Amino acid sequence: MPMMTAEDLAAFMKREFPQSHPERNVYEKVGNDYVRMRRKVDAGDLRPGGTVSGPTMMALADNAMYAVLLSRIGPVALAVTTNLNINFLRKPELTDLVAEARLLKLGRRLAVGEITIFSHGMEAPVAHATITYSIPPS
Amino acid sequence: MPMMTAEDLAAFMKREFPQSHPERNVYEKVGNDYVRMRRKVDAGDLRPGGTVSGPTMMALADNAMYAVLLSRIGPVALAVTTNLNINFLRKPELTDLVAEARLLKLGRRLAVGEITIFSHGMEAPVAHATITYSIPPS
Amino acid sequence: MPMMTAEDLAAFMKREFPQSHPERNVYEKVGNDYVRMRRKVDAGDLRPGGTVSGPTMMALADNAMYAVLLSRIGPVALAVTTNLNINFLRKPELTDLVAEARLLKLGRRLAVGEITIFSHGMEAPVAHATITYSIPPS
Amino acid sequence: MPMMTAEDLAAFMKREFPQSHPERNVYEKVGNDYVRMRRKVDAGDLRPGGTVSGPTMMALADNAMYAVLLSRIGPVALAVTTNLNINFLRKPELTDLVAEARLLKLGRRLAVGEITIFSHGMEAPVAHATITYSIPPS
């Protein structure tokens, strides 16, 4: 059972990470070891050739992993990313991005998840990431 | 011999990627298969606990890799990142970040480099990345 | 539709990669952008503490990715791995390993897939990899 | 100052990991956060097209990282790989492989290093890896 709802996640992010533009993110679904979130793309995210920047997708992947981790362990602001690996698969459309994060492992010290990113409404993923977080001793 | 100087890189980035805040970046040194750049950290890059955000470091690593690639092949705006792997090693200071990028391989289709990121003036790295770019057929 | 069946894959691997111990591998299922294979673990794969070696799992992940790629493009011996990222999640049991490979992208030049490895009969994965292959020009 | 010499590493590996063919490895140099090792390639490591297998290089990278970690913390058999990322850069020659491992971070719980692999006598690297080990609580 998740320890945080979509509303909990949105409130936590707004309070703890105001600089990360939490108003552009919607946590659409929180399930068992699963979070789906949607990010509104704005002008600052765009790049030449009519696409969304890589850093925008990396930030989204990291955010989605953090959300699925928090959904299991509760609001622990000090968990930190230790490793992120991302493959950019296709050119994103100029539309919202959707990220689906799944937790692969939740240990006492490390959590690992995989995140697939889509352009909203499309079936083929635009990026895929695996991310490790270090969990502080409690 | 590099095909672009530090000034060439700065002018190209300003022209092609105005949304990526090129005014915060200084290309300090362009050598053989090597670029060192410095990025001014601003309020939007900060995170709770007095540190710099992971996405800021990922964007910097990607930018430095792109710069060292362009320094070899010239201003090819359409080269794209296909894979990025980053390890976050230490908490950065609240100061400028410095990235050193080295090209490990320049093939006809793929280029691979490694990037080490430091807090300005510190010896121990805060992050290390390896990045692959796909080079469009000419 | 796959271009190679499980039997085709087994025959190809036996012929082209006799040194990689193809007799220990069984291709159990070939689907759309999906291969499941099983590898018999032998004494050389074991490590202190009663576990299976990391290199055994890396070789299996690479083999499974190659199989799912071949199932789409046919028997192209010269496709080569360009990047492999693996997270080791749990200590494997002393039993056969099962790998499930899914193709995330098949481009003209690059193919990317993700591979999840299980100890046979267990639900929680022991490792997860993402792998990129470069496809030679035809 | 390293806590283990090249001879210490060779003896430890032979004792603890007899299945990993320690007789093929020579620890050539142990420095500050640095190990250089050489691996004799044998027939089982070869692949079609006259090259060395990817798994051979992955196993070597992992071994070199383990060696540089042990050189700092002493003979801790239970440190385990949690993440390995490798880029294959060039086709290796049919000759010994040389790996240079550098420790990027040694924390209480995690150690991160980078490893560059060469064909013996060649200047351009054939592969580059970054690896994370988890260090058990003492």
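The first chain written gets the first letter, and so on, giving A, B, C and D; residue counts start at 1 in each chain.
We adopt the following convention: a residue touches a chain if its C-beta (ideal position, glycine included) is under 8 Å from a C-beta of that chain, and two chains touch if they have at least 3 such contacts.
Bear in mind that the values here come from a model prediction, so they are computed numbers and not experimental data.
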Pair with more cross-chain C-beta pairs in contact, given A-B and B-C: A-B
Chain of greatest Cα-centre distance to chain C: B
Interchain centroid distance [CA atoms averaged], chain B/chain C, Å: 33
Separation of mean Cα positions, chain C and chain A [Å, integer]: 28
Whole-Å gap between the CA centroids of chain A and chain B: 23
Chain C: positions in contact with at least two other chains: 82-83, 85, 87, 132
In the complex with chain D, residue positions of chain C that touch it: 16-17, 19-20, 43-49, 53-55, 58-59, 62, 77-78, 80-88
In the complex, chain D residues that touch chain B: 85, 87, 89-90, 104-105, 112, 114, 124-125, 128, 130, 132
Chain A to chain D touching residues, read off their complex: 82-83, 85, 109-110, 132, 134
